[in-house]
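For reference, chains read A, B, C and D in written order, and residue numbers begin at 1 within each chain.
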Amino acid sequence: MSLKKSMAIKTVAIFSAFALIIPTTNATAAPKFKLCVALGGIPGILGALGTSGDPIAKAGAKARGWDYYEVSNKLDAPTAVKNADLIVQQKCSALIQFNGRPEVNPTIAKKLAKAKIPVITYDIAQPGWYFLGIDNLGAGKAGGAALGKLIKEKWNCQPDLVLESHGYGAGIVDSMRTGGMVDGLKSVCPDIDKSKFKAFEGNGEIAVSQPAARDILAANPTAKKIAVVGLNDAGVVGPLLAARQLGSDYEAMGWGQDGNLIAGDKVDPDLKGSVLYFLEGYSAYAFEVLDAIAKKQAPKMRDGAVNPAVLVKPCPVSAAQAQNIPIDKVRIKKLAKDPSKTLYSIYCPK
Amino acid sequence: MATNPTQLASHDHKLSKFEMIKKSLSGPGGTIVIGLALIIGTSAIWVGKMTFTSFNLYLVLGYLAIPLIIGIFASFSLLAGVVDLSIGAMVALSAVVFAYLCTGNVNEWLAAAITILVCLGFGAINGVAIVVFGANPIAATLGMLVGLRGLARIISQMRPGTGSSQDAISLMITGLNNFTEAQISFMPVLFIIALLLVFVTQGIISFTRGGRHVRAVGGDIVAARRAGLATERIKFFSLLASAFGASIGGMLYVGKLGGAPVTLGTNMEFTIYAALMIGGYSILRGGVGNPMGGFLGLLIIAVFANLVDNKGLDTRAADIFVGFLLLIIVFLDIRRGGDAFE
Amino acid sequence: MGGITLALADQSGANTKTLSHPAIEAKDISHSFGAVKALVNANISVSAGEVKAIVGDNGAGKSTLLKILSGLVIPDNGQIFLDGEKVSFTSPVEALKSGIQTVYQDLALIDTMSATQNVFVGREELASNWFLKKLGIVNDRHMHQEAIKALSDLGIKIPSLNATVRSMSGGQRQCLAIARAMLFGHKVIILDEPTAALGVHESAQVLSVVDQLRSKGLAILIVSHNMQHVFKITDSITVMRLGVSVASRKTKDTNPEEIVGLITGAISG
Amino acid sequence: MSRLLSNRFKVPSLRKSADSEYLATILVLLGVWIFLIVISVINRSDFLSRATFGAITFNMCIIGVLAIGQGFVVISGGILDLSITVSMLISSFMTVVFYELGWNTPALIIGSILCAGAFGLFNSILVVWLKINPLIVTLATGFAGGGVLLIVFDRKLVDPKSWIADFGTSYLFRFPTAWWPMALLTIGAHFFFKYSRFGRHFLAVGGNPLSAKAMGISLKRMRVSTFVGAALIGGIAGIIFAGFTPEIRPNAGTYYMLPVIAAVVLAGFSLAGGRGSFLALFVSVGFLSTIPTALVFFGLKSIWETFIQGFILIIAVSIDAYRIVKARGR
């Protein structure tokens, strides 16, 4: 009894301690520009989309003498919404936002609009936020067309199966990228039968897309020429591996998105190419908008993927071309040394 | 021959104030309070004034409220000795069902009622498996976790409209959102409600017949049965309580987030139970722990996460903190004579 | 369930009222588990104010008889009388309600709860205020006093009634469990191996509590292997062998050698 | 090492009933599995193809090995190892690290598995010397371990030209090469627990630690062996995982934890310890691995997989518990 009672007393004491100190509100001097980043929280990806901090944004902010603050959305909706409040509390001057749970973006937008914090959103458009990223649909179509060319060359536009490795959690981005790839493929090979397309949940992860693809291949045992499209490289590599696992009589070709697994020397042999966005270097582009905001000459709101504030140029690369592009960690080091450039300008093969 | 009754009783009331404080500080509550003081102190020095602004309080407490509500209801099942691992998935199911109904133009109150009934129904399935058939609670509710995650996804993708399959339903219910964001002075309304719930639950556990019976069942089910308690019914109701808490939590999340992601509550069963264990509950045996302690357990994690957030430190530090704090608290409990493993 | 005071008052009158009948009597009880005959026409009776022991080898049917009396097992044949009235139990709760309380050697108390809470578990007394009563609020203070009174009545010393019972010694726990049985106006208390796990000092403590119970006019049935304790405390002894109650003796008219002989079958009853 | 058991542990009647109990579980699971296959074949005759066989056997590989590790913990009374996927990932990451360092194959395999074992040792130290319940220990180290892995490794890429990648796609005796570790471990575990003295000690400790201690078995030694052993088996799964997954991410473990526990529970392992059959576990893994493939043949989306698996699990544990209660009541 006494234990509980004194615990209650302690709790009350803590809160009254809080309450006593509350009146001491912040009286700030001339505010410094503060750049804030809400990381996406996707493991294994560098930059604002990943978990391990955004070195480019940090370096850029440092070079400009700005304050810098970052949190991670952890791919979790409640965390992403809480982070919006943190950003408000931090009195950020501008926010770079990547949120893998786009369904809560309207709520986040409401909070940030109230605090008048301009937002640059990566890849996922939200009304009122500067859109910075790839034209997902365009990138999808470009990748699909490139794969279509290969299919035309090798299989005379007659694949047995086209696997669409979706990541439904990404919402509209998935529809545009994966759907765009299908459109692009059809633009080259218009006569592929509708029944040949098999959509499934790959979650953008090898650990999910690989077993799922194996099961689909099993259910279509006569299909041996397999084309794979998907939300990202990992979602495409999984099914390619699945085909190799099921036997040497399979012929598989895939074309990825996001370039996460195409650079460097450890590339899946059946991944024929990918569309690089250099997403780890997005923040280099962001400074175009950020500098304007800092000078209080905020650019006109351009918040759609069709009407973007900064369009990241897609860089479709074949596997052969990608061999000369180093992996993301190396790229990021180089860019951090010279943030005036973009990765596209440094690495995209001409 | 007969001992003087007052002499016997005197033992209980002779504790001086100092001893009382010392005694209470030696429990898990004491460790947590000291820990809280350390973290808040660190934050005061390191983060500065921001630690104590009303906005920061809102940040800590406002986002603590929903897990606290879920946790308090789930604590009934811990207390009765049946761990319910399905709460996180139940939160997702509740959110998705509620959002699905609301987007289907069902009145919001009706939708809420249906959602609660659906969740209670699945809670009852847990109950039947565990109480009627005698299934292991960990195994049965794990099955429920897997099943409900799947069901939430199926329902979410059943929703017509967008054409393509979706893993989330976007839905802003203004009234509910305002309610979840409301504040009285510096205190979030939702947190005040959750705190009231803590006190009420504490009262139920400590001072009512029903609460005593739940503790008795968790403490030793055979002895409770021999004392004539309806042990099976009590276990069943504790599972319904945790399902009910999860269903309320899920709907509040829809209001707070303006959407119902099917991934909602992923790993929540582990984070909430870790917090409750830090606060003195046990997932291995019932009958121990109290809501105040559970609240402190959740609070210390929230306060630490807030420090990490405000300093913009690596957010993974919070996970590592939870892991180690759990070990430390349990170890200290064992040192004080708690349940050692073998 | 009535209040405690009422129940205690009942007890004081019990002595005079029920002298004509044994407090509990089991007649011709037979029970088999499949092909195994556990009990064959077993008989036993205990009067109010009497302490009776059931002794016998392992497998003699003691524990089955015990389970039948406490409602855990429904016998194939036979009758049970309480104060001369025929009763039949389909569950332990019914036996409990009729006034038979069994104290098992372990699993009698809930470790995580205090002594007072343990004494009153399942029969918590509610607050007198009608509103608090409706809420199911318990009257801890009164229960605490009742527990102190009952314990001191039986000469049981427990350092703190508010501490959880897990820190208590085996003897204290056993005494507490017996006190609980007494406190609720039970006519018959069955003790299953009350001293089996206890040391010398603690056993003496338990036996003295049993003595107190006898003086309060309760009927007590003890199952024990410990001849020394049996002879120290009981008034009469029933010997069981191979499911049959072979003999009953007044304790003062017999000796351990005879009882052991009866148990092993060296002496026929 | 696996010397035949001395007489003192033989309890003939008990052993017989235990064996028949496992046999019933195995037969029931086998029956359900065959039923699933039969209705799938009736539904679509081309279910029985080489590709289906490949899909199911590949589905089994990682879950199967992890389930053996988990089953090892459960049967030895360690309740559950909630950090077994961390063991797996440590080994996967180290496999890549050692490969990049140019280690030869045996050294790489042993090194990776030992690194996972070291993590198991850490778990067991917390269990044995701090006397913290293993469920809490592994919950905590699972939490913290995931965070640490993310900080230390972030992600690693496996060279597709390496033998590790070949291992993940190749076949041996008509089965996937990666399938054999599970098969061999199943047989090994079965004989280990059935015939070896050390295995019997695990069973004894799992069934009743106090009486095992009274028999002179060192609980500490057994607990350390349990968690190190489980982590070593997790380490084996890690090498397979590296063979399957060219990009190793620390969050990948989340996809395996629940199916693995589900397989162990479905196989009739008692979470109280001391009871379980590794042959049943093999069948259980096979059955659970067939469900997703069969679903696709029925034209159901893969999202139905978890839903169905979950409710099969609830029904299975209910029936199993009911059966035991009934058997005891008789």
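Here is the rule we use: a contact is a pair of C-beta atoms (placed from the backbone, for glycine too) under 8 Å apart; a residue touches a chain by one contact, two chains touch by 3 or more.
Computed from a predicted model, the values in this text were never measured in an experiment.
*Asks:* Can you check which chain pair, A-B or A-D, has more C-beta pairs in contact?
*Replies:* A-B
*Asks:* Could you tell me which chain lies farthest from chain C when each chain's centre is the average position of its Cα atoms?
*Replies:* Ranked by distance of C-alpha centres from chain C, the top chain is A.
*Asks:* Taking the mean of the CA coordinates per chain, how far is chain A from chain B in Å?
*Replies:* 33
*Asks:* Using mean CA coordinates as chain centres, what's the chain A-chain C distance in Å?
*Replies:* Result: the chain centres lie 72 Å from each other.
*Asks:* Could you please state the distance in Å, as a whole number, between where the Cα atoms of chain A are centred and where those of chain D are centred?
*Replies:* From the centre of chain A to the centre of chain D is 34 Å.
*Asks:* State, to the nearest whole Å, the distance from the C-alpha centre of chain C to the C-alpha centre of chain D.
*Replies:* Taking the average C-alpha coordinate of chain C and of chain D, the gap between them is 49 Å.
*Asks:* Using the touch rule from the top of the page, what residues of chain B touch 2 or more other chains?
*Replies:* 157, 314, 316 - these are the residues of chain B that touch more than one other chain.
*Asks:* What are the residues of chain A that contact at least two other chains?
*Replies:* Residues 1, 51, 201 of chain A touch two or more partner chains.
*Asks:* Which chain D residues sit where two or more other chains touch them?
*Replies:* Within chain D, the residues that touch at least two other chains are 150, 301, 303.
*Asks:* What are the touching chain pairs in this one?
*Replies:* A-B, A-D, B-C, B-D
*Asks:* If we count contacts the way the header does, which residues on chain C are in touch with chain B in the complex?
*Replies:* 92-93, 96-97, 102, 104, 107-113, 117, 121-124, 126, 135-138, 140, 144-145, 148-149, 151-153, 155, 157-162, 167
*Asks:* Using the touch rule from the top, collect the residues of chain B that touch chain A in their complex.
*Replies:* Of all residues in chain B, those touching chain A are 15, 20-21, 23-24, 27, 29, 33, 36, 40, 49-50, 52-59, 62-63, 66, 157, 164-170, 172, 177, 186, 199, 202, 206, 253, 256-261, 263-264, 266, 290, 292-293, 295-296, 309-310, 312, 314-316.
*Asks:* Which residues of chain A touch chain B once you look at their complex with the stated criterion?
*Replies:* Those in contact with chain B are residues 1-4, 6-8, 10-11, 14, 18-19, 21-22, 24-26, 51, 53, 68-72, 74-78, 81-83, 85-86, 88-90, 101-104, 106-107, 110, 166, 168-169, 171, 174-175, 179, 201.
*Asks:* Provide the residue numbers of chain D that touch chain B in the complex, in ascending order.
*Replies:* The contact residues of chain D facing chain B are 79-80, 82, 126-127, 130-137, 139-148, 150-151, 209, 219, 223, 254, 258, 261-262, 265, 270-272, 301, 303-314, 316-322, 324-325.
*Asks:* Sort out for me which residues of chain B touch chain D in the complex.
*Replies:* Residues 125, 128-129, 133-136, 138-140, 142-151, 153-154, 157, 267, 270, 273-274, 277, 283-284, 314, 316-317, 319-320, 322-324, 326-327, 330-331, 334, 339-342 of chain B touch chain D in their complex.
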